[in-house]
Each structure stands twice: as C-alpha cells, then as structure tokens.
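Order as written gives the chain letters A, B and C; numbering starts at 1 within each chain.
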Amino acid sequence: MSALLQVDGLSKRYRRGDRDFAALDGVSFDITTGETLALVGPSGSGKSTIARILLRLVEPDAGQVRFDGEDLLGLRGEALRAVRPKLQMVFQDPLAAFNPRATVARLIDDPLRIHGLAGRAQRPQAIAALLARVGLSPELAGRRVHEISGGQRQRVAIARAIAARPRLIVLDEAVAALDVLVRGDILRLLRELQAEEGIAYLFISHDLGAVRAIAHRIAIMDAGRLVEQGAAAAVIAAPASVTGRALVAATPELPVIKETAS
Amino acid sequence: MNLGRLFRSPEAVAGFAILGLLAAMALAAPLLFPGDPLAIAGQPLLRPFQDWALPLGTDRLGRDVLAGLFHGARTSLAVGLAAAAASILVGSIVGTVAGFAGGLVDEVLMRITDAFQTVPGFLLSLALVSVVGPSLAVVVVAIALSAWTGPARIARAEVLSIRERDFVASARVIGMNPVEIAFREVLPNALPPVLALSSVIVAAAILTEAALSFLGLGDPNRVTWGGMIAEGRAVLRSAPYLSVIPGIALVLAVLGVYLAGEGVVESSAAREGQA
Amino acid sequence: MTRLLSLHELGVRYRGAAAPALEDVDLDLAAGERLAIIGESGSGKSTLARAVAGLLPQTATLQGTIAWPGLDRQARNGGDIGFVFQDPASSLDPVMSVGDQVTEVAHANLGLNWRAARRLAVELLDRVQLPEPAVLAHSYPHQLSGGQKQRVAIAAAIAARPRLLIADEATSALDTIVQAEIVALIRELVTEDGMALIFVSHDIALAANLADRIAVFRHGRMVEMAMTAELVSRPKTNYSRALLAAHLGLDAHAEARK
C-alpha cells in the first residue's frame, strides 16, 4: 500500500540580513494511513517549517509532496480548497489560533459550512456531536474562546480539525502549552480518535515524553536535516544520531528511588 | 462592549450625556419648534432672557435663536454621523483589500489614498460644493471624500499585522476562501483602532460643515450653527450672543463626541485586557 | 543549618480577583537549600516567587509575613535576591547591550566603579558558559538565542552574589536540550556559590533532579511538601500522586495507555 503522505527532498532557504541559511535541506519521509509519525528536534531544526509547507502556508524552494495520490504542492485555488478537508492542523497556542471574537460554535461551524458537510438545519446537532466526541459538553457552544480553559480550547481545536473528516492532522507542539494533568487527557483523546477514524498524525514536538506516548515512528531533525528515523520505541531506547542521544539524555526523568530495607 | 463598564468611566458618562442632550435637541426640534425656523418670529435683535417666548432672543431678521439652535443640532449631528459612517465604511474596505491582497493591488490603492490625502480636506470640500451646489448630501460626500484616507491607512496597518497571526492561518487551513477570511476574520479584528478614529472624524465633520455654512456654502434651506455664526458676524460688537451661542453649541458637540469616543476606547481596552 | 527565609501564613490577593492567588503558606528555607515549587497554572507558584522577591504589583494585598532571619535587614532585590524570569526576551532590555546589563547590576549592588563592574560582567558571562564573552558582551538581546539570553539573565541575577536565586519557570520557554543545559548550569552555580534556590516549575521530573525539597501547590495552597526522595516514592496526597503519574517519561507508552 502506498503511503498516505510522501515527502521527498523538501528544501527551503531563508535570508536573514545578508546571510542565507537553510531552514530545510533535503528532507524526506513517509506517513502511512492511521499511523503517527513524530517529528522531533531542537528549536530551529525546521519542524514548524515542514508543517507550514504541508499546510501550504509557505512554499518550499525544492521538493515534492504527494498526499493521497495527488501532487500537493501543485494544487491551487479550488483544487487546493477541495483537498483542505483531508489535511488539517492543530496549533500550539489555542488562544492565538482562534479569532478572538469567535464563539466555540462558530469555530466548529466554519469547516462544516465551507465544505458543505451539514445543511443549515443539521449544523447545531453536528456541532453538539463533535463537541461530545472530544469530551466537551454541548453547552460550551455559546462560549467565547477566551472564556474556556486551555485544555478545553485545545479540544475545540481538535473538534474543528476533525469536523471535515481529515485523513491527516498536523499537530504542531499541540500539547506543549497545556498543564501536565491535561496533557495526558488530550493525548489519550488523540489516540482514541486515531483508533476510531484511522486518522494519521504528524506530531511535532520537542518533548520526547509526549512523543513516546503517542508516536509509532519518530523522525529526528537537526538544523534542517533529518538525521534519524525509525520505530519510536527503538529510536528512543537506542538513538543512533548525536541529536537523538542529546534529546534522550536531556529529557527529565523521575528519579528512581531505591528502597532500602530499614 | 460591556455597558456596565462603559459607564464607570467619567469621560464616557460626560460624553454620552452631552451627546444625549444634543440628540434630544435634534429629535425634539420639530415638536418644540414646529414651523420653519427661518421664519420671522419676532422683533429683530431681541436680547436673550427678555421675552420668555423667545428665550434666547432673535437675530438681525427676527428669527428665533433657540429654534435655530435646536434645528441646527439636527443638521450638525446628521452631517457628522453620516460623513463619519461613509468615510469609515469606504476607508475600512479599501484598507482591508489593500492590506490583505498586497502586491499591485496594495500599491495602486495606496497611491490613490496618497492622492486624496495630499489635497487639503477643506479645500476639496469647498471645491466640490462650489461645483455641484450646496445641499446636505453634497456636504456629506465632500467631507467623506477627504476623511476616508485615515481609516484606510489604519485598517491596512492592522490587517498587515493580523494577517500573520495563527488564527488567519487556521482559517486558510480550514479552506475558507480569501474574501471570507478578509471580511469575516480579519476586518472585525482590525476595526477597533479604526473606530477609535471615528470620534475624531465626527468632530471634524461637524466643524467642516459649520465652516462651509459660515462661508455661505451650506444648504441654504436649513438652519445650521455655522450659518448662525456667520449671521452674527455683522453685529458682533452690538449683539455678540448671536455668534457666541451657536459657537458654544459647536464646542459642546465636539467635546461630547471626543469624550464619548475616549470612554468607548477605554472600556473596550479594559475588556480585552481581561481576557 | 541557618534559616534564610521564613514565610508565615502568607497570603496574596490581586486586585479585582475573586479568589486569593495564595493562601496560608508556611515555608522555611535554609541557607544553601534547593527548594522546588511545583504546580499547574493558577496554583500560585509564580505569585509566591514574586512575593518573596517583592515583585508583586502595588495593588496586590499581602497577608502574613515574609521574614529573613538569615539577614539583619529586609532582603534587597538584586543584592540579596537574584530573579530569573521565564521569558528572557522581555526581562532583558532590548536597547542595552547584554554586557552593559550585567555590568549595571554589579555596579549598582557591589559599589564597584563602571570599569571594575564591566570586568566582572565579562567574567560572569564566561561563568555562564557563553562563548567569547568579551565579544558577546557587546551584543544585543535580539542577536542571541533563547538559551543564550537566559544565560545572560542568570549572569545578571548572580552578579551581586545574592544569598537566594529564584528561577520562575526559567526553562519553560526553552526546548528540551537547552533546558537541560540551563538546569545543569543553575545546579553548578548554586553549588559553587552556596546560594539557596527556589525553582518554580510545572515539570516535577525536572524539579526532582535539581531540588532537595519539593512543595506542591494547587489553587493557591500548599498541598504537600517533602524531601524529594520522599515525595517521589511515597507521595501523601492524591494530587501529588496524580502529578507524578501524569509525567510522561520515556517509558511512558505503558503508563499512558492505562
């Protein structure tokens, strides 16, 4: 079975002042249907640039992307809008990622309306169903974005992303800004949705702990290059690259207290 | 905008009180002073507080000053609000299109804005009224024609910064088409600074209308404060009240608009800060 | 061990807030001791750090006492207390070179003239492991990376040889690798200079590897306080247990799937 997403040789150079530097340098990877690939690396390694290229917010200088059999980078206008429902994104800062004036209902209504997924009469029900799906009470629909908690906002972001029944969701540091107790809940929700709907995830993070909890495979980036790829458990247990080793060593672990018989 | 918070600010209270008074005057004018305020009501140059049927006296031709004040309120407020609304509407649309589209569209629109901005506003109004003829509608258009550039620039600046924010990216990712993004997501968030300008525009519009009327280029069939001031010019030494009274009304109107605008800006700023 | 800081029934309420940010906190800190303050957002941990450093807004009301038995006077910010903020981009002055900013602290607190303070500043930049400190001292904050900025902030915080270093989520804005480096740096400096440390964080594992003692806060109250080994292996409250369980370690797969 061919992969859902095939990224081949993605490159992007940025000018800063009079210096040219490569944000991405020949990055290639695949994601199959229903799997989670984590993209990890220090800040500045290019992870977010990949996310923005995949979501067509930024154009690369070189490279190809095939998504669900189509040449993603070649799409424009209506053709691009037609593919949008299949490829969605959840941002890191839920407060910045929503129109400050929007209500929860409107945020979820937008994708339903734009892609004609529910008639006007059915939409309130569809919205309530989506809210319930992500573990929120339908009463939240009338609230404004800044009136709900961070964890609730991220759930709304997920509801908005799954409303159009995507095949792939890019999660760009989606749990980094959440409280620890909430983080686990959101990761659990994401795994459930994946099991039920077969959605693939590109999980971008610098937190290996969160990655370990959700990813099947992991790709490690450093300075725009992909330096290591493999099954998540294997790579974390025995990283081959320098960056991989540094990341594993830097991840804080709870000290194991040896109980001595007193 | 939370009304409760709005009325905790003294500026807002004072401003809206004055505006409320003026609005009441404007609305009550045909009821309290039916008939043509330009009709002769009594002996000429009657001083104020002599005759309680004519509390503020009469002008050189014997027209009722108080009636003129009330009817003039209608004109001033109508012109002020209409001109501000028109200029903000046009300016916001131009600014949003320019900021959002970028590139050649932005360049062209901004050069047009520059052109309108370099012509002194009052001269533009004068020219238009002289050519087309004085009437209320022409005065409104004339004022809006130079006032729209301010809102356009501010709207464009806001749009340029809002455009880069994550929620706009999120809208693109959802598949919203650019026109909807520009007018549903971006523009409402770009409006607050533009609206903050509105009180300045209303005040300027009121003053411009008064100035045009003063020069005899206002609508001749209406009583306006500017016209009353002009009428009083000839007898400024002997009957100063004829110019001073409408002058005070003008000052109060402008003051009311400024204070109300300040109050609104402060209370919306307070709300945003609480988020 | 001499007591450096003593909080007694400390409470803080911000103006216009419905609930107190901090309530009934009793806490002692010994000289040279490393204490971690752990909590989620709204727990009051940052409020505590700022209260100790005297950085609360004027409109906040304080209850209880903050005493410094280890000093014979009220603690001075900069001199007795060094404070490292979460966001170095906003805690450093963007229009002053980093060298000048560290020099400023030394000059103001140690009574040195500018030249001597400047020499000290370069030594400090070297001590926080910044490359080519003499050259870097001329840089401006925007020219440095997040980790480098935080190192400068730490240099400024320790310049006057304070008795207490307070790090308020000092690593939360940094990525994992840089975070580990900054924590290692803090550990080293605190040990070398014998400073006491209050390390505020939401990451209990990070804190557990740095602090001798951990205090867990929730909704403005201290829920539990114990020596690190004790808290990690035998937490007494459900909340502490939940926080420990929620930590996603590298063997998290089995845990998180529960």
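What we mean here is this: a contact is a pair of C-beta atoms (placed from the backbone, for glycine too) under 8 Å apart; a residue touches a chain by one contact, two chains touch by 3 or more.
Quick caveat: nothing in here was measured; it's all calculated off a predicted structure.
Participant: Expressed in steps between touching chains, what is the minimal separation of chain B and chain C?
Facilitator: The fewest steps needed to get from chain B to chain C is 2.
Participant: Based on mean C-alpha positions, which chain is nearest the centroid of every protein C-alpha shown?
Facilitator: A
Participant: Specify the chain most distant from chain C by Cα centroid.
Facilitator: B
Participant: Tell me which of A-B and A-C has more C-beta pairs in contact.
Facilitator: Contact tally favours A-C.
Participant: Measuring from the mean C-alpha position of chain B to the mean C-alpha position of chain C, what distance in angstrom results?
Facilitator: Taking the average C-alpha coordinate of chain B and of chain C, the gap between them is 54 Å.
Participant: How far is the middle of chain A from the middle of chain B, if each middle is the mean of its Cα atoms, in Å?
Facilitator: Result: the chain centres lie 49 Å from each other.
Participant: Averaged over CA atoms, how far is the centre of chain A from the centre of chain C? Could you give it in whole Å?
Facilitator: 32
Participant: Under the definition above, what is the set of chain A residues touching chain B in their complex?
Facilitator: Going by the criterion above, the answer is residues 52, 55-57, 81, 84-85, 87-89, 91, 93, 96-101, 110-111, 114-115, 146, 160, 164.
Participant: If we count contacts the way the header does, which residues on chain B are in touch with chain A in the complex?
Facilitator: Checking each residue of chain B against chain A gives 165-167, 169-177, 185, 188-189, 272, 275.
Participant: Which stretch or stretches of chain C touch chain A in the complex?
Facilitator: On the chain C side, the touching residues are 40-41, 145-146, 174-181, 202-206, 208-209, 228-229, 232-233, 242-244, 246-253, 255-257.
Participant: Quick one: in the complex, what on chain A touches chain C?
Facilitator: 42-44, 150, 179-181, 183-184, 187-188, 191, 206-210, 212-214, 233, 236, 246-255, 257, 259
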